Amino acid sequence: MAKKEYSFYPGCSSQKGASAANYMVSVDAMCEELDVQLNEIPDWNCCAASIGYAGGGELPRLAMSARNLALSEQANPGQDVVATCAACWLATKETQERLHEDDGLMEETNQALSAAGLNVKADQNVRHMVEVLIEDFGYDELGKHVKRPLEGIKIAGYVGCQTNRPFGIDGESYENPKYLDKLVETMGAEPIESYEKKVQCCGGALAFSEQDKSHELIKGIIEAAYDGGADMIVTPCPLCQANVELYQDHINAKYNTKFKMPVVYYSTLMSVAYGKDAKQAGLNGQIIKAKQLEEIAGK
Amino acid sequence: MSNLNTEMIEKYRNNFLKEVTANVEEGEWVKMCMQCGVCSGSCPFGPHWDHPPQELFMMIRAGKREEVLTSSSMWMCTSCYNCIVRCPRGLPITHIMHGLAHYADRLGMAPKEQPTMKFAHKFWDNIVKNGRVNELKLSLGVYFMNGIAEGIKTSLKMQAVGLGMYKAKRLNPMEFFGGHTVKDKSGMQAIIEKAKEIEEAKIKKFEG
Amino acid sequence: MSDEKKIGTYICKGCGIGDRINTSQMATIAERECKSNVTKEHDFLCSAEGVKMIQDDIDNDGVNHVAIVACSRRAKTEAFNLENVAITRGNIREGVLWVRPDTDEAQETTQEMAEDYTRMAVFEVGAMNIPQTSGQSEGRKNLLVVGGGVSGMTAAVEAAKAGYASTLVEKTGSLGGAAAKAWKRIPEHTPYADPEDTGVAELIAAVEASDKIEVHLNSTITKTSGAPGRFSADITTESGSTTTENFGAIIQTSGYTEYDANQLPHLGYGKSKNVVTQAELDAMALEANGGPIKNADGKEVQSVVFIQCAGQRSEEEGHLPYCSGHCCLTSIKQAMYFKDNNPDIDTTVMFSDLRTPGAGGEDFYRSGQDKGVIFTKGIASEVTDSGGGCTVKFKDLILDEETTADADLVVLATGQVANAGVDIDEVPQDEPGQWEVSVDSILNMDYRQGKDVPQLRHGFNDSHFICFPYETRRTGIYAAGPVRRPMDMLQAKEDATGAALKAIQAAENADLGRAAHPRSGDLSFPSFRKEGCTQCKRCTVECPFGAIDEDEERYPLFNEARCRRCGTCMGACPVRVISFENYSVDTVGNQIKNVEMPDEFDEKPRILVLACENDAYPALDMAAMKGNEYSAFARVIPIRCLGSTNLIWVTDALNSGYDGVVLMGCQKGENYQCHFVKGSEIANVRMSKVDDTLQSLSLEPERVATYEVAITDIERAPQLINDMAETIEKIGMSPFKF
Amino acid sequence: MSDVIATNQTILVVGGGISGMTAALEAAECGKQVILIEKSPSLGGRVSQLYRYFPKLCHPTCGLEINNRRTKMNKNLRIMTMAEVAAVSGEAGNYSVKVKVSPRYVNENCTACGDCAKVVETEFDDEFNYGLGKRKGAYLQHKMAHPQRYVLDPRVIGTDDATKAKEACKYDAIDLDMQEEEIDLTVGAIIWATGWQPYDAAKIQPYGYDRIANVITSVEFERLCDPHGPTGGKILRPSDGQEAKNVAMIQCAGSRDQNHLKHCSRICCMASLKHANYVNEKYGEEGQSTIYYIDIRAIDRIDDFYRRVQELPNVTFTKSKVASVVENKENGNPVLHGVDTEGYNRYANEHDLVVLAIGMEPSVPADAFPVEVKINEEGFIEADESNGAVFAAGCSADALDVNRAVQNATASALRAIQVINSVAGAEG
């Protein structure tokens, strides 16, 4: 297969030393294997996520994502914008769609952008990395690259919210998307198909402001993974990953549970299966270690 | 009450639906709700809502301006989009909740101690400053947003997490001094300013 | 065709009959006992050759009465659809073979069953005559349409398009009815977003343009008599001049009257000038003609509240217990009158269940919301005048609070009350010869059973049948539009078109002497022996379709084309003078009599089962298909309706030694399923008298049982027969065996 | 069947459900020549799969018996089963129609004695019971099937089941060489009565029809309650065959929903009220029905049926569109989550069985009509000049209850006759 190029929007959390830095590491490893070239959008800014709304009104938030699109159009004309972060993908794709269906909004946004001498057409596709994998490669192709099948590992595919709703991946159902399970299977591991909380919200950004309420949700997510017999959880979303991994001690303290459930990115799984070592796969970014993966990666 | 608030009361008299339609993000959708309640039942934070979305819509139609704008309900939205994908009438409920929260805040009617509101503000200020999230400052900011004492408690509680992240190279103390930013800060801020301006103007000029 | 009867008996050996039953024995019985002129067996009677064999005998040997002893009359019907002969079936497949076990001990009784059914078939057909029409019909095909609203005009116009002339009689001075007083109508076309022009003007134009439609304005019907194909109606003008015209069929489209809102004082009607009904608002809108609508104080309406279900869907005294179906959509339409004129006018629709069904309904609801109409789930408790406007006190069911709303105008969605004429169940009948015109009546029929079409429920002239909305109780007279069921314009037009078809059909069939639904095509009709008649009037009173009048001498007067061939009259007649060519006291009586009666010590009781041909008999058939067995002592006779059961059958049966009698009819009562309306009901009343007979014979009452059997009772129906068999075992054999 | 004679004074009725049968019979009983074609092996359509009708709770098969008899007696009416319209050309008063007839592998000789079914072994999901039960590879569609003639499932052709069946038949009724035929008909007018199908419940993901055994549809529930049905009339739930006594009915399952069917299907509320009656009838005090609704649409004079059900002690009404259904893994009970919007009450209610009041979708997708007609956004045929002499009847025209469908079909018969008569008039 020929090299594939995309205009890449890494997003804040993927930066060096940021909460999803390990995600980025594994994505790089995975893309290397798949011969994908990610052309980072120069000087991209935050998407304002879905929590920017208190301070930022509708237009300012749209303008921020529009700026990224504008920069992408300049630097990587004709290339699909690809994001690895759910919130980045959602905010950017929403912006792209809204600008398209509403000429007034498009005009106002460009007025705003003109303040920095920018202009947006918003005619690129905005896609999540998972879409690239499923649509541009397909499970069979992805399977071909597997060098170390992740045999014997039971993995619960936690899709979460924003990589699922409102746009969905590969036209799959909002209530029971299967793409993570399929990916897990493709990598030689065993998906927990009956996993009940695969689309349960983890509290998202409110894990900061409404900790107790969120922890209750997160507890459910981890519990269901254990109930399903999972060794670890896989997710495509940095915030999901952080929320579900980081607070397990708090939850254990509060509900006296004994959670120690590793939460990894699909890209980590794939990198390991693709024969990358633990570092390249971002495994040392795990706070709760994914030992089975480390073993395989160590081989 | 902020003077914008009094202005708006003046302008829309007792027609709150019209005010929402004109000034709230996706507010023109409120009238389309048929009160089936699927949104209310779909929210992960459901039990924590004093007034679930469908009820808020009915309250808006019933002109319960004060009750709606001072409610902390819409601040409970986790942006999970469950309501949007299930709504049989295609209402962009998540956005309407964001819009209501923003509008209430802008009118200075949002409950003063609403934690999500405070966090959302911190987040916004944080990104407007550098163009990119400074996770450390944001987190610390959040921990301390309920005062120093609270802050230290929370920080200690979060210490382990922080440490873990630091070990995992997912938290960089240096962030405290600078950290990631966009190069063209001024340009980006100019864009946001301009956008604000346009929005303000719209609200002012709109004649019911 | 020669008059003498020549009976052909044809016995099928197929489907295993030949394997388990001695058919030649049956053949012998047919010849020797039953005097069958031609008797043949066949391995596969329903095959082309088999049927040809029969047809040849008809063509060449003059066989004109045919007994087919094979499968149920419900099977292979087309194959045996022979013309110009009297025909019946002996059911030995579903009726014998499939309900009996294939065992040696069962063999004897199974054979006896088969032989009896042979006897029954041959003796039944022997008592039949070949139906011929009475020739009563005058062959008229033109229609009388009573009521010149949208329904009536549609019926006339649609009939005209098919080539049928009609006379349209309208009470008022102009056509158009209620719809003419409306400004717009609920949309009938995609995208169902805005009110549409009523289209009444076009409809009136079409009526006036048609050379097949004659209109009488300011006129009413002062007398209706006759029957399909030969109706006669007096059309009387306000001035009193009367013309008499003849028709083939009648369509009643007398429409509705808006419910009297004066009965809703709590909702402010009559107290505040600014509380109006939907009809009144439409009149206001018609006047405003798209301009601003003013309230009674001449103020341009800035806010309006619509109160749904005003005096409807309520058990309260004087309220309507039903929903009028159109009101929700009508209120949305009317709210748009305001919104389309000025989007800033506040319009609120207060409902308990918003009812906007079907393809267009939800679109129109959405369009209303899109235009800013506010929908509130709430119940209004009180409307008071606030000077220049009104205050509505209501409970908001969503916000769960008592609250109020102010409005310049309040509109009450009051319902439709049918203009159905007089309720013949209430109004006593005129005695023959003393018939009088009633001003309240729509049709002023001179029928023995009353002046108007019977009402079903809530005063509507509806059919009781879900599958047959036009299955009227007055053959050849069809109600359509809001007089039949509350409805909007679109439905009324559909309904009127359907009614026109039925009217045309009734006229066409009357011309051929054919029965109407459900025995459509039946050419037989009741006749009676005047000499024997005692003028007891039971037939005229009991006929479910009011088909029988009385002449001056008080003798029954049968109107063939009104008759539905159920035989209720036949069952009613104490002196048994009423009969049909192919269904009479004798055709059934013969079957009962000719069952071979084993003597008391044979321990072989006989159970007579009279089963309604539409429900009980098919239920037994299907039970057989499923392999549900029942007693070999049963002899089942299908009857047109339990209502046709003459007491004599039961008495004869008991006299001639039957040990038990089981009658199976349809469900009676409010939700009756009898397709002859009262048949099952009436039969029950009659059978209550059977006890006297039983006592006079000093027989146990348990020997006669009457049941309601549904077509789905494939387990229960056989069980009921077996229950009787058990009962007989308990109480013992009948002493009346000779 | 290839000897069908039809002229431009013949009326073609497409679809042998109650609407098609009605249209065909009413026209034929006016003395018109009618050809009725039906895709399945026998007439009766959707209503023959219902146990009872609202509001009378009478039996659809009772009306079917009458209509079957009318059909058998009427020589103006000819029936073609297992037949579909492939193409239509021409204009009002003169259409030529291509009809595709699938092989039944059983000819007119069949006496419905059932010997073939006795010897055939292979079983298939019974479509008539929405797959809730099995049927043989040689079968009679149902006990009231008309024509009363068996069918061989094409899937057994070529297997020894087929040969066994042929050998078992004494009447030479089984013809394994039967081929698909194409028949050309000339007709003057066409009545389109292809009716409706239940909306695909699996598409309503939050209700888990495809994941939770004890979530079924309203049409399936009818089969469970019917004595002719797979459970002999017992309400046994799929997961464990236990009697379901606590039943939830979810309204607007697919209807009034822009993600599914935009329109209100009209019949579902009444159907669920009827189902509450079934439960009450079967279990009395022990039974419990809960109806989750947005608006109860018991339209016009049958509203009193709604009130009668409200008076039942064991029926609860909750104004709420259920948000989601999850399964209690312990006992297989569906648990319903949502909010009662009358005063904001959250619930998580466990039931034995959930019945989705499934929406009504036109059988023929808008893009699949073999004839040029105006289709509205909801997929129903809209009355329009441009349709020529093609007239919709019943649920091809709108989401209708039986009563209205029949009324509408009767009207369509007259519309067709208008065309036929003008043709006749023109030709003198």
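The letters A, B, C and D name the chains in turn, as written, and every chain counts its residues from 1.
Everything below uses one rule, namely that a residue touches a chain if its C-beta (ideal position, glycine included) is under 8 Å from a C-beta of that chain, and two chains touch if they have at least 3 such contacts.
Treat the numbers as computed from the prediction; the structure is a model and nothing was measured.
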Worksheet item: What chain is the most remote from chain A, judged by the mean position of CA atoms in each chain?
Response: C
Practice prompt. Could you tell me which pair, A-B or B-C, is linked by more C-beta pairs in contact?
Written response: A-B
Worksheet item: Which one chain sits nearest the middle, judging by mean Cα positions?
Response: D
Practice prompt. Mind checking the centre-to-centre distance between chain B and chain C? Centres are C-alpha means, answer in whole Å.
Written response: 64
Worksheet, complete the sentence: Chain centres from averaged Cα atoms put chain A and chain C apart, in whole Å, by 66
Response to the item:
Chain centres from averaged Cα atoms put chain C and chain D apart, in whole Å, by 24
Discussion item. Multi-chain contacts only, two chains or more: what residues does chain A have there?
Written reply: 174
Worksheet, complete the sentence: Touching two or more other chains in chain C are residues 354, 377, 398-399
Worksheet item: Among the residues of chain B, which are close enough to touch at least two other chains?
Response: 34-35, 55, 85, 89
Response to the item:
In contact, pair by pair, are chains A-B, A-D, B-C, B-D, C-D
Worksheet item: Tell me, which parts of chain D touch chain C in their complex?
Response: 18, 26, 29-31, 47, 51, 53, 56-67, 69-70, 72-75, 109, 111-114, 143-144, 148, 170-171, 226-228, 232, 256, 262-266, 295-304, 307, 319, 341-344, 376-378, 380, 382, 398-400, 402-404, 406-408, 410-411, 413-415, 417-418, 421-422, 425
Fill in: List of chain A residues in touch with chain B within their complex
12-13, 15-22, 43-46, 48-60, 62-64, 67, 108-109, 111-118, 161-162, 165-166, 174, 200-201, 203-206, 208-210, 213-214, 217, 246-247, 249-250, 284-287
Worksheet entry | chain B to chain D touching residues, read off their complex | 34-38, 40-42, 46-47, 51-52, 54-55, 85-86, 88-90
Response to the item:
Residue positions on chain A within touch of chain D in the complex are 173-176, 196
Worksheet entry | Contact set on chain C toward chain D in their complex | 14-16, 44, 46-47, 71, 74-78, 81, 158-159, 161-163, 189-191, 313, 315, 321-325, 351, 353-363, 377, 397-400, 457-458, 460, 462, 464-470, 485-487, 491, 494-495, 497-498, 500-502, 504-505, 508-509, 517-518, 520-521, 614-615, 618, 622, 625-626, 666-667, 671, 673, 675, 710-715
